[in-house]
Structure formats: C-alpha cells, structure tokens
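Lettered A, B, C and D in written order, each chain numbered from 1.
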Amino acid sequence: MSTVSPASAALIDELVAGNRILFHEKVVDGFGHISVRHDKDPTKFLLSRHRAPGLVTAEDLVTHDFDGNPLDNRDGSRLYGERFIHGEIYRARPEVMSVVHCHAPQLIPFGATRTALRPLYHMSGFLAEGVPIFEIREAAGMTDMLIRSSALGVALARSLGDKPMVLMRGHGATMVGVSIAQAVYRSIYAALNAALQMEAMRLGEPIYLEREEGRLAMLINDGAVDRAWALWRQEAMGK
Amino acid sequence: MSTVSPASAALIDELVAGNRILFHEKVVDGFGHISVRHDKDPTKFLLSRHRAPGLVTAEDLVTHDFDGNPLDNRDGSRLYGERFIHGEIYRARPEVMSVVHCHAPQLIPFGATRTALRPLYHMSGFLAEGVPIFEIREAAGMTDMLIRSSALGVALARSLGDKPMVLMRGHGATMVGVSIAQAVYRSIYAALNAALQMEAMRLGEPIYLEREEGRLAMLINDGAVDRAWALWRQEAMGK
Amino acid sequence: MSTVSPASAALIDELVAGNRILFHEKVVDGFGHISVRHDKDPTKFLLSRHRAPGLVTAEDLVTHDFDGNPLDNRDGSRLYGERFIHGEIYRARPEVMSVVHCHAPQLIPFGATRTALRPLYHMSGFLAEGVPIFEIREAAGMTDMLIRSSALGVALARSLGDKPMVLMRGHGATMVGVSIAQAVYRSIYAALNAALQMEAMRLGEPIYLEREEGRLAMLINDGAVDRAWALWRQEAMGK
Amino acid sequence: MSTVSPASAALIDELVAGNRILFHEKVVDGFGHISVRHDKDPTKFLLSRHRAPGLVTAEDLVTHDFDGNPLDNRDGSRLYGERFIHGEIYRARPEVMSVVHCHAPQLIPFGATRTALRPLYHMSGFLAEGVPIFEIREAAGMTDMLIRSSALGVALARSLGDKPMVLMRGHGATMVGVSIAQAVYRSIYAALNAALQMEAMRLGEPIYLEREEGRLAMLINDGAVDRAWALWRQEAMGK
C-alpha cells in the first residue's frame, strides 16, 4: 500500500455530489460512475468502490492509479470492473479533470444505429465538436462489452480522441470535463439532446447548430454551469 | 443607483411562485427565467439575478430598466445575460405584464425543424394566433445563440410581433401574458401541446383548432387560470 | 334552495379519493372532474365546485340536478362550466353511477386524428366495446370546444351512446362506470392503452383484442379493481 | 391444511422487497406479482395474496403448491387468479428460484406486434437467449387472456421453454431467475431495453448484441446485481 496524500475535502464533497446528481438527474441508475483527478497528485484519480452512484458517500471513495490499482482500499472492497475507462483517459488527456461513464437510456439508440449525435440547441453546443462511436468489436471481437482492462481503456481513449464525449455501441457513453461540474453538465445535456434529436428527426430534417454556433454557445454556457449546479445539488442532496 | 419604489408584496410573492412553478412543471430546468412589469412604474420590470428559477426567493429579485440596467442590485450580483429579452418586449408591447423565457424540451424540435406549432386542443387555443420562429442567424449571423444585447432583444421582439409566443431556433421559446399566471399557463400548455402534436402527427394529419375555435377557447380558459394556479402553487410551494 | 338529503359519508369519501387519484395518476391536471350519482336520490349527482381535482376536499362537493343547477351551494361558489356533461349522461344512462371528464394527454392525439382507440391488452378490454369520437362542430359549429349547456351535454351523451367512453375531438374524453372505482379504472387504462397503441402502431400492425377477448377480460378485471384502488388511494392520499 | 415449514426470514424479507422494488421501478402497477421457491421445500413457492405489489408485507405471503393450492391461507383470503403461472414454471424448471409476472407498458407493443425483443446493450444481454411470444389463442381460443388454470400454466411454461422470459400477446410478460434479484433485474432491464429498442428502430436498423456478446454480458452482469439491488431497495423501502 503506497502512501498517498488525501484529496481536499472540497474535492471529495464535490465528487460525492456529482455521484448523487447523476443519479437524481437519471444519467445513471444502479450502474455508471464518475471520477475526479486527484488535486494533490495528477497521476491519480478518485472513484467510488463498487457502489451505485446514488448511494456513494465520502467513505466509498478510493484513490486509483492510471493502471486501475487502488492505493487506499484498506478493507479490500470490490472495485468497479471498468475503472480502466478513467485511468486511460486521465493518462491520455492531461487537461481532463473529471470522467463520467454512463448508460443513459437516450444515448443507447445513437450508439446502436450509428446515428450522429448533433447539437439541436445551445445547451448542448459541445456536441458540435463531434461525437465518435467506439465499436468494441474492432478492438477485441466478441466480448462482454465492458472495458475491464487497460488495453480496452487505451482503445476507448483513442476513440474519444480530443472530443468531449464518446458513444459506446451496445453499452453507453463516456464524457469528460475540466471539472466535475462540466462533466456532469455534459452528461445531462448530451442525454437531453439525444431525446430531443430523436423527436426532431421524426418531424423533419433538423437545423443543427453550426460548428461555430456550438463552440460559442459552449464557451458562454461553461461560464454559467454554477447556476445549474446549485439547483442540481439542492435537488439531489437537499443542500 | 436610481431610486425606485418597491413593488407590491403581492407581486413579489407571485413572481417567486411563478419561478417555482415553472421549475416544478418542468418548463425550465437550471436555466430560463420569468419577469413581471413593475406595478409602480411601467417602465421597469422585476427579474431574478443569475439564479436557477427553482431556487429563486424574494431576495433574488432585481428591478431592471428596459435597457437591462439593474436599479437596486446593491451587492453587484451577477445578472441573467439574457435580460434584454424582457426589456425589449416590455418596451414593444405595453399590454404585456409578464415574460417567460425557457428551453422547454418539447418545444426545441419545433424550432429546429420549423414545424408550425398548432393547437391540438382547447387548452392551447392561444396557439391559433400563430407562432413565429426567430432565426438568430438572420439578425446576427454566427452567434452563441443568446439574446445578450438590446439589439438582439429588439430583433426578437420584432419576430414575436403581437403574438402570445415566439419559438427561437436552436435555443428555446419566449411567452408573454397580461399576468404572471397567464404567461405561466401559456408556457405549460405550449410545451404540452408540442408533445401531443408530435405524437398526433405520427398517427396521421391532425385536425387542429380553427382560428375561431382557438380564440374562443383562449377567452374562456383565461377566465379559469386561477383553478390551475392554486394547484400549481400548492404543488411547487406547499401553500 | 331545495332540500336534499346528504349523501353517505362513504360516498363522499370515495369521491374525494377519486379526485385525488385522478390527479396523482395524471389523468387530470388542474382541469377535469369526476362526479358520482347521489346515493339517496338518483336524480342528483355530486361534483366539486370550480376547483382542481388534486385539491378537492369534502367541503368542495356540491349536489347538482341533471340541469346542472346546484342544490346546496350555500356560498354561491363558482361551479364547473362543464357540469352539463355529467347531468346529461346521468339522465341518459340510468345504470351509470360515476362520470369522469379529462384531458389526459395520451388521448388527445386519437381524438385529433380520428384514430380508433382499440384494446392492446386485457387491462383495457372495455375498449373493445368501441370508442366513439364526439365532434362538437357537428353539434354547434365554431365554439370554445366546451360543453357549457344542456344542449351540448345531450349531444355528447348521444355520441357516447351505450359505450364506456367517448373521445372529444380537440378537447379530451369522458368515461363512465357503475362505480367511482370503475370510472377511475377506465380513465387510467384508457390513457395507458393510448400510449401503448401509439408505440405499437409504429412497430407494425398490432393484434388487438377481439371483441370477445375484450368483453371477457373486462368482466374479470372489473372484479379485481379493488386491488388497484387500495394502491391508488395509498399513493394519492397516504391512507 | 397441510403442515409446511416456515420459509427463512431472509427469504421473506427479500420477497417483500422484490414486490416493493417492482412497483417503485414501474415494472408493475396495481397488478402483477413476484414469487420465490420455498427454501425449505422446493415443491412449494411463496406468493402474496390478492394485493398490489406496492402494498405487500410479510403478512400477505402465502405458501402455494404447484397446483396453486394455498397451504397456510388461514383466513381464506382471496388469492391471485394467475398463481398457476408460478406453479407450472417451478414444476417445469427446477433451477428457477423466482418468477415475475408483469404488464410493463414498454413490453406490450412487442407482444402485440410480434416484434422480436432483442438486446440493444449489455445490460439486457440475457435477451440474446431469445424471447418467445405466448399466444393464448393457440392454447385456448377466445379467453379473458389470463392464466387462471394449471392447463394454461402448462401451455405458458412450454412457450417459455428454457428461456429467461416470455412475452404474452395482449397481456404482458413473465420472467424467471435463479434468485429474486435476478428475476427483478431481468424485469427491469427487459422493459428498459424495449423502450430503447422502439426508439432505436425509428432511427435505423440497430446493431444488436451478438448471441455471444449477450451471453458474456449476462454472465458478468449477473455478478453485479447486488450493486443495483442495494439502490433499488433503498429507493423502494428506505433501507
């Protein structure tokens, strides 16, 4: 067991809130997870042990290295099988501070039909950056669909590239952000945009945001995430 | 800081309720806002500072002039970037007493596909007046989609014209009313009608309300909004 | 003011519960209503005054005659404008003991497109009896869509005929039952069937229940409504 | 009245939780039921008396034999008319420890249109085993659609065969599991997959999980059901 400085109380508090918010906003159900890069050591990240996000408390958080090894899992608790998603993305993307992995229902049809997820309105302007789709068959043939090794984590991180999110065919999606709040925001509005896009496509060919509109909307909205976070937190945690 | 008479307690109470109701009825989420024309000075309006509507209290309300300047924002709180929507509509429409701006999910597909929103039933008879669609590209080319200046507010108000609401492509919608209750009613039933219209269009060509049916239904329903308001208030605020 | 025997406490309690259940189960929102035939005088019925069903208490109930006149509205409270729906159906259908009028969202598209509502599963077997659609234009041309006179009530009751429910184009639906529980049951499952039928029709041509299957399912389910009522009541009223 | 050893307290507690969870997760409403094979006598099973699953307590559980006879129904309470579903499946499938029967709305359109329910993502990998559709007309012609005899129970069990679930045309579905948790998991994710599949089919031809992907995903997910169960239980029962 290596020695690792404890993360700041504020970061831990925010990660617990992120877990609860993702559940309350229906981005995750009993499955899915959110992590944050350690604020004292950028080569580590914090992630709950094997627990539904809606139940996560500060006591459940475990520090992991990029290979998915736990560093302070004193009681040997079971860990998330897919912790490699987080490790390999933090390794590949130094600017990323938080990673969400989810099976949000609205996103599954897009992965399964390879329909491009595109921004229907300013709230999801970040989608204008492009949304790749990860096909695990290309990386490993017939599998249980899960990212349970560093090798698959690397393949997923490569598919994600420099984008805000990646769809995973037959599985779900993974979003990244420069903060927990941004990763949560992107998860919520990617799912909402997916629902709206499915509706709009049945009415006719939608006018999507242009790349430039999406980029400008993303910049301005990133500066207002605190307004939504205060509400999400109140709704999910009562404080 | 100019001197401005305080609005009546009843008006403030109603505006707070309007904020909470719009959130509880899912017309707004962390974003969107509602204002009311000042009852002591018709050249001013009340609007919350930069806060999610579901969290707004009387202490958050700020008096603005039509140019979007705050008149009693004593602590220099951040304001809504889109307060110009409200100011320019109050300037252009003297009979309007309340304005709602929202991103109600059911309305986004109509803006994005330029599908006419039409009244499917008597509850949304006001839609028979016609629902224009504002295209910000015509006013300003590539933007962040937001109404963050008086010039864009003027363009939006012109698009709204003398109608009860305007759809905003890639953004949301703005509704007006002769009272807070009417603006809230129109927001709720415009969104509900949109959901029903999407369903109905898949079953076949709907029979919409005729202009005259819509007008007559609007008049009679406007006289019964108090019945719904009492319920909405109880549900959103417990009183 | 005529003298009218008070209805039994049990009937009043059940009617209040019916109001609350219809709201909790989203059959009604701020609008819509439910009545019951008076158990001491079959030429009268009980209906709330002008109040959202979700807020109705025993104190709100008013005894009406079939012409829609209130008999014990001591304080002259405002009444529902559409009380004539109830009066004329009780007059035309002696076996009917309860009437629900609603704008359940799932039913509106069927009225607006004249799509036949048909039973997709045993829970809504009563739909196999046939669901007429009332077109107010045939009765009265351009209107506010509402049944605000005995003449329109008569036209609606004629359209209903001997069926369990009638759709009203551009307005909503009206269901009847031999008890409050049956009328509530029919309201809930008519709306649910409508939602399922819209989904099923997009997958292909559904196999609907045959008339005989529907009739047999209706008979057996009518004997089990108490199981659902106990749950609905607990959910809506906590008792 | 035969003598029957009482089931273990843990099993009773889990079956009550299963009832409440199925209601909270909207797999059942006032109707539907879940049973468990008796842990002291594999020729018996536990099932609530005639009660909505959302209201079931330990006092409601009755031990039944495979013919549907109650063994400890001391007060002669009314039983579920469809208890034969459970008895005949336990008789035909010795490895099955729990059976769920439901009318989950998302599953009805698949039964009614004979659309194959197929796994869109790893959470519902068990669907790759194949989902038969039971047509009661083939077994018994015109009926009330219900499984109210051992003969119909046998026909249903034959249609189920060795699969995890069977759709019932015009009625609902029945799922089985090697534990209460697995049967509940399959019920929840079969319904969710159905909703997603309907959406995906409108976007284009979905890529479903291959048989092998489904099998591998099923195996790995079966080992993580406890993570979801802890959440479901907390949400449904507060403990």
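Everything that follows uses one rule, which is that a residue touches a chain if its C-beta (ideal position, glycine included) is under 8 Å from a C-beta of that chain, and two chains touch if they have at least 3 such contacts.
Bear in mind that the values here come from a model prediction, so they are computed numbers and not experimental data.
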How would you label the chain C and chain D contact, same or different, if same means the shared numbers make up over half of all numbers there? different
Going by C-alpha centroids, which chain is farthest from chain D? Tell me that one. B
With centres defined as the mean C-alpha position, give me the chain A-chain C separation in Å. 46
So, what's the distance in Å between the C-alpha centres of chain B and chain A? 33
Sequence positions of chain C contacting 2 or more other chains: 202
Name the graph shape formed by the protein chains and their touching pairs; answer line, ring, star, complete or other. ring
The answer for chain B against chain A in the complex is residues 23, 29-31, 50-52, 54-55, 81, 103, 105-106, 108-115, 142-146, 169-172, 198, 201-202
Which residues of chain D touch chain A in their complex? 119-123, 125, 192, 195-196, 199-200, 202-210, 212-213, 216-217, 219-220, 224, 227-232, 234-235
